[in-house]
Structures are given as structure tokens and as C-alpha cells.
Amino acid sequence: MTSTASVPTTEDGRRAGGAWNHQHVLDLDDFTVEEIESVLHLADRMREVLDRRIARMPALRGYTVVNLFYEPSTRTRVSFELAGKVLGADVISVTANTSSVVKGESLIDTVRTLRAMRADAIVMRHSIAGAPYLAATNTDASIINAGDGAHAHPTQALLDLYTIKSRLGSIAGKRVVMIGDISHSRVARSDMWGLAAMGAEVVLCGPPTLLPRGLRAQDRPPHAEAALPHVTIETDIDRAIEGADVVMALRLQSERQQGGLLPSIREYAQLYQVTEKRLAKAKPDHVLMHPGPKNEGIEIAGSVAAGQHSIIEEQVTNGVAIRMALLYLLSGRTDLPTDGEGRA
Amino acid sequence: MTTIAIHNGRVIDPALGQDGIADVVIVDGRIARVGPGEGDAVIEAERIDATGLVVSPGFVDLHTHLREPGFEGKETIRTGTEAGARGGYTTVCAMPNTMPPLDSRAAIESVLREVEVSAKIRVLPIGTITVGRLGKELSPQGELQASGVVALSDDGDAVADASLMRHALEYSTRFNLPVAQHCEDPSLVRDGQMHEGWVATRLGLRGRPASAEETMVARDIALAELVGAHLHICHVSTAGSVALIAAARERGARITAEVTPHHLTLTHEEVAFAEDYVHIGYNTNAKVNPPLREETDLEALANALRDGIIDAIATDHAPHGVNDKAIEFDLAAPGLTMLETAFGLSMRLVHEGKLSLPTLIERMTIGPVRTWRLDEIPGLQGLGTLAPGALGDVTILDPDAAWTVEPEAFASKGKNTPLDGKVLKGRVVATIASGRIVHETERMVAL
Amino acid sequence: MVNSAPILDTQAVRRTLRRLAHEIVEANQGVDDLVLLGIQRGGAAIAQRIANDIEEIEGTRPGVGSLDVTLHRDDLDRRHPTPQPSTLPDIDGKVVVLVDDVLMTGRTIRAALDALNDFGRPRIVRLAVLVDRGHRELPIRADIVGKNIPTAHEDNVRVLLQEEDGRDAVIVLPGRMES
């Protein structure tokens, strides 16, 4: 927020995201409820913008966004590219290679180089947890975490929160069940933070070998009780889905079976696939979500993915709106360095 | 003829059961006399006024990585021993995970030649258990012992194959060499990056479970007992391991163990949390193998140290360059620089009432010496003590002096410490190795 | 808030709005194809009022909507206000009258003309404002003006409306304010 408060005139709107305090978007664990609400509110406006006949505005003209992806991704990359382009920003996508980091430029050097080229925001996806944090402490460009290892995927969580809120009206008190490979899921982790902050009841369900340690409150010392959000752990899918408002299926990667974590994909599908029969136990007006890309026949039945409860495609559209909202909020900081021409 | 007289300090010599105000006189590199007034009786000497300070035998480290040959960018024998001197160490045992590894007479002799030239304090070499540390073939233990190694270790890696480890232990009985194992089962740690627990879950990092260490501790204790060998467990880190070691010693098995200052005082929270539990970080300077564990483990380790189930504090000094640490967590090299902070960090246990100062000194002097029978080596009689005739290795300490850790000021090339900017209470004020002052914080010698 | 006498009091505001309604209808020779778009935030309520007046005068209500121009502004470097909703009826081929409370630099109107492109292609675009306070920075002119108020650049013109502020008035607050 600017330190020189200007008296609002009729040419000036209200200050955006009054609670926004972030230079980076690394994970939802350090977002206040007000900040999350402010992002969702702004995403509403952006969503409407996307539905215009011509959805192109100059709001972020002169703002440069670099997608720095160390891990391949088409959907998230395209979603960020579109989000930037709708708002008139310049978006450049760079595919980096973790192995080339060893031979070539370090992460810190890469990020500094991009900033020296006047990148304003760097959207980073990396296979190693914590990589965006390393970047954030070594540059004053805004770092947006587009997924770091098994740690976090905050923009996915925000679009999930937005989608739930716009479909169900509110998040507080809703029973949200996430089913799948929780231990390797950055989506589950970020969603867990966001949902718990907004007052939802969070249930994580999966086979014992795919559930991470320390998620039950009793698995951490009293002084660290608040260091992870409160969730319920369940290995039985029917008990988990009982009374659910939201059922979210997480993608199962085939490598899990090879790693000895599961006997077979077939057994996984038998015990944990989200099917119509199992969803009968959820609330009648439940919604079904999936962060994509989905493996129909493995974690989710095809009929369910295309069924009337599915809001999977809405998640995708909302993803662009959320990313637009974040770019808009991040670019509004007034403490960015100028290059002498007053361009913040 | 050089004589040093240390006046009026509190002399703590655990080996001789001494703890009281006395003078220490060193003549020609050896302890001459210890007792009240002995310093005054000497006519010509460099005199040190140790009033209000503690005088102890020089510290002995069973576990240091000097990185030379092969990784001189991280540390050299010169810089590592200089760091040791600042930390109060007068003897360090050098781990063999160098390049080339120390698995032959030629490699050992080349290290000893460099030690002769550039080491500031005594360096005792450790040989590998297996050729090249590859875990496939036994190293020539006889040849290594004849070259001067005091123990065997593949540290950095465990000897994973049980059968080979059994043979290594069995063979070692001929030479009475301690076999020092880094106990972490590779198939259980896989690509784990930190302790498997709730902090790893919070950070989204793969974990190294406590049982990866405990299964191998149990296995190797059984193997050592089977063949009657001396097994030494490096850097014990879990309560479960402590229980196994205690039970084995109770049975009379020849099991010894060491613990590091960081495993005694820092938990896995060090990796993630600096100020609060809201903001996380990925502190690669807290990345070490075996990893920092939980409060309950620290408690068990401190009790074991106090009760003598663990005989020695060893630093596992592991210097790394910035390029090895200022990178993504998974890619960062494990290990901390520790020689210069070992005493100050270990003193936390004394200040918290968990350990007495004499016991701490015992675990840093005669404890390590007896663990590996170092004083049975020709020329090293009396090592770890201030007995008359013993080597003139003396460390002068201020147990209450507060100081701030500044890695940039370290003598070690390794600045990789999680203690940057932290205040430690307990400082090494001077170090005398073989009768020469190798470190002093301010000019100690008064005329 | 400084207690100064309003430039326009409640009565004056209502009469002025009524006159604007008449002028808009006169220029269009009726209500056909007429769409009033209030520019968020100051113009939205005014557009509704004028539409009410037109309905009283002509017996037919013109199309009414609101247009948010935040994302089309050219001064977002410094300020990032929250966009407001835009709700528009169909504007293709229509006579769109942009309605705003205060016209000053003209930048808001320029942004509004750009924003209109997102929604369709009007036949004609006109501009009606309650207050024109001068200090144009772009070649923009209002077709229909309620009142011309000469001001110093650093003055602040506030339009208060019953719907939001409990009364109708136009006041000028003199003094040093950051623009």
C-alpha cells in the first residue's frame, strides 16, 4: 500500500485488496483470511472480464511476467500466459532444466538475470520443494509459486477455493474431501491451508502408504500444534465421502506403483476410485473437483468426471481469473524500484 | 627449551579425577607438572593468567572432514586444522571420504606428508572400510594400520551389504581397529532430505525415518557381537539407537558411540522455522545426514551422554562451499561446519543443567581417546589427560563468555552453519598443541 | 469534512439532473435505441436517476447499465483500485450515453471509450456529466453538462448522492491534495 494516502476523488476507485501485503505468492500458509477473501473478490471481477466479447485490457501494460518452468506443464503455463495477456502484460515462457542447473546457471543466478532484464514477476514451477523460496530471498521481482515439488501450489488452491465459493455460496462449515496420493500432492497441501483458514472441514483420504506423517494433531509436539492445519485422516473412502459437500480426486501417478508404495493400479482403483456409487454417500448437491490432468478409470470414473456434479472445467476457467487477480495485486505494489523514469 | 606456565585456572582433568584451582607447567611440548603454585616455582616461562578460566586437556575429535585431497575448495588440511585450533581441538581424526579416498598406503602417506607441512594440530587418519568406499570389497586393513590409521570408516555412506559388513568387522579383530559405521540404510532413506516427521510434511520434503538408522544399528550390533569386533556408531541421532546401544553395552558387547553437538541441541524445526510457525524457510545449513531429529531424541541423547552410554562428542565437521548450499534443498550437500562452534554449542547442555562441565570435558577429551584406544598408540601416551609426561595439549576455556557466531570470520572455509548470528555461551580462549600456542583470542601471554 | 456551502444543493442537483434528462432525450429525438451507461463508481447512481426522469418524461425507460473502466485506465502504475462490476444491456448499434459525475482530465472517459469496445459496437457515443470542472489533459468534451465549475487543480469536487451519502449536493473542497 502506498504510504502517501491520497484522498479518493471520484476518478479514483477504492484501494484494491485492502488487506494485500505480499510481495510473493509462495503458499497459502501465510495468507490471512482477509487476504484470501480479497483475492477471491477480485477474481470475481476478473471472471466477468473473461466473459466479455473482447477480453483485453491495458491494466498491466509494461509489466513483464516470465514463466520459469523447471518442470514441464502445459495447463498451468498456458493459464498464466493467458492471465497476463488478458491484462496486457508481456509474458515470456522459459523452460529450464534441473540437470542443466548443475552444468549451467544456478537458480539464484537465473532469477537475478531475469530481474536484470526487468522481469517484474517470475512464475516458477520446480520439482524441488522450496525452490521458489530460494528465489524469493534472492530477488525483488515478485515470485509466484506455480508448484514446487510436493510442497505447494497456491494458485491451484485459490482457484479451488474460488470455485467452491462460487458454486456453494460459502466455504465455512463445508466438508471437503480430498482423495488420492496425499503425500506427493502439493495441491492437497495448499488446499488444506486455504480450506482450513476459511473454516471448512478438511478430510484427507488415501492408502496408508500415501499419507504423510505428522498430519494428525497428536503427531506433533504441543508447541507446534498450529504448525499444520487441522485435518481428518481417513483410509476408508466410504467413510471419507459420507456427507461430503466437495469431493476432490487427486491424480495418481503410475510411478507410485513402481516405487513399491502400491501393489497395483488396479487395487488402487478398486479401493479409492471416485465412482457414482461411492458419491451417492455424499450430499445430494455435492460438487466434484479435480486439479487435472485426470486419469479416467484410475482415480476417477469417466462418468463422474463428465457428470452433472463435476465442476472440473469451471476450475480451469477460474484458474485464469485467479491468476489475473494475483498479477493485478502483485503489480500494484508501490515499492518496486524505478529505473529513473518513474516506472515502478 | 620452551616452557609455558598457566596460572591459577580451574584445572579439570577427568582422566585423573582432578577439578580445582592449579597451575599447569608445560616443558618442551609435554606436561611437566600440575598443581597449585607450580607455575610460580618456574623461573623462566611464557606465562598465561588463567584466573576465572577453565584449563582442560586439548579436545580430541574422532570425526572431522578435512576434504584434502580432492575437495580443497571446501577445506584444506591447513584451514581445517586452523579451525580445529580455534575450537580448542589439539587432535582431529580425518575421515577418508576424500578424492581419492584413503583406502591405501599411498593415499594415507600422501595425507600425512601434507599434515607434516601444513597442519596446525595433530591429525590422525582414518582409513576406509571398503575399497573406494564403494561397499563392495574390503580395504587392506593391515596395510592401512601400518600406515597409521586409527580406525576405519566409509562415513558419508553406510556399508549396506550385511555380509560384507560382517566380514569387515570380523577381519578387524586381527588389528583391533574400531569399525566406525555411518548407520543409515540406503534403501530406507532413498532420496530423503531431512528427518521424516511433521516438519518434512510441512515443507513437502521426503524424509529419512529414524528407523533407517535404528535398523542398521541393530544389525551391526548383532554382527559385531557375532564376531567379537569393536563397532563404533558414528553420529548417533535417535532415541531408539540409544536404547539399542545401551542394551548391547549392558551385555558387554564392544560397542562405542559418538554424538555431535548439533544432534544434541538442534531439532528438525531448524530446517523450517526461524521466527514463527507461519513463515517457513528451507535452511540448507541445517541439512545434515543423519538429519536433525525431534525433542525426544535430543533428550535421550543428552541422557546417554551424561550416563556414559555415549562416550564421546564428535563434531562431524563437514565444510561446504556456497555453491553446494545456496541451491535447491534436494541438491544441497548435507553437512555443517562445526569445529569452531562445538564447545559453545555443547555448553548449552551445561547451562541448561543437563550435563556437568567436567562430564562435558571428559566427553571431549579422554572419552574419545579411550573410545578408540588412541593413547595406546606409540607416542600418544597420556593423550587426553594432563598427566605429567603427556603431550602438551591444553585448552583454556571461558565457560560463561557470550559470543556471536560470525561464519565469515571462521578459519574454516566452510561457512555453512545454522548458527549464523546466534549467541553461544562458552568460548575457547586459547589452545596449546604440543606445547605451542596455536590459538588465542587475545594475547594471553603475560611476561 | 470541511463545512462549506455547497455549489449545488439538493434542489439544484435534482433540477440539473432533470434538465440533463430533457437534453438527452432532445438530442436523441426520443428514447429509441437509447442506453445510459453510468461510469463506476460516481456515474452509476446518476445514470439510474436520469433514467427514472426520462421514464417520467417520456413514459418509456431507456436501457441502463454501469461500466467499470478500472482495467482500461492508463495510470495504474501507481494506483490499483478494485474493479467494480460492469452490467450492460446490449449496446450494438445503440446510442450510448456515458454518464459520469465529474469530468476533469478526461482520462476516465478515454478509458470508458476503450472499455466499450469490449462489449460491442455502439452506433453513437455521447457524454453527459453532472459537473465539468475543467483541467482537461486530453481532447475530450462533454455533449451535455449539468454545471461548469471553475476550480483550482488541487481542489476536490465531491458529488454526494442520496443513495450513498444520504443527501444530494455538490461541494468543492479547496486545498492541497495529491492528485
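Chains here go by letter, A, B and C, matching the order in which they are written, and residues are numbered from 1 within each.
One rule holds for everything that comes next: contacts are C-beta pairs under 8 Å (C-beta built on N, C-alpha and C of every residue); 3 or more make two chains touch, one makes a residue touch a chain.
Keep in mind the model is a prediction, meaning the values are calculated, not measured.
Computing the C-alpha centre of each chain, which chain sits at the greatest distance from subunit C?
Comparing chain centres, B lies farthest from subunit C.
When you average C-alpha coordinates per chain, which one falls nearest the overall C-alpha average? Tell me, please.
Smallest centre-to-centre distance to the global C-alpha mean: chain A.
So how far apart, in whole Å, are subunit A and subunit B when each is placed at the average of its C-alpha atoms?
Subunit A and subunit B have C-alpha centres separated by 45 Å.
Averaged over CA atoms, how far is the centre of subunit B from the centre of subunit C? Could you give it in whole Å?
Centres of subunit B and subunit C (C-alpha means) sit 78 Å apart.
Hey, how far is the Cα centre of subunit A from the one of subunit C, in Å?
Distance between chain centres: 39 Å.
Which bits of subunit A are touching subunit C when the two form their complex?
The touching residues are 2, 4, 6-7, 9-17, 41-42, 45-46, 48-49, 52-62, 87, 328-329, 331-332, 334, 342-344.
Touching residues of subunit C toward subunit A in the complex: what are they?
Subunit C reaches subunit A through residues 40-42, 68, 70-74, 76-86, 100-102, 104-105, 107-108, 114-115, 117-120, 156-159, 177-179.
Can you list the subunit A residues touching subunit B in their complex?
27, 29-30, 98, 101-102, 106-108, 126, 128-131, 133-134, 137, 148-152, 186, 189, 212-215, 219-221, 224, 226-228
For a test of understanding, state which residues of subunit B touch subunit A in their complex under the given definition.
For this pair, the touching residues of subunit B are 196-207, 269, 273, 277-282, 294-295, 323, 326-331.
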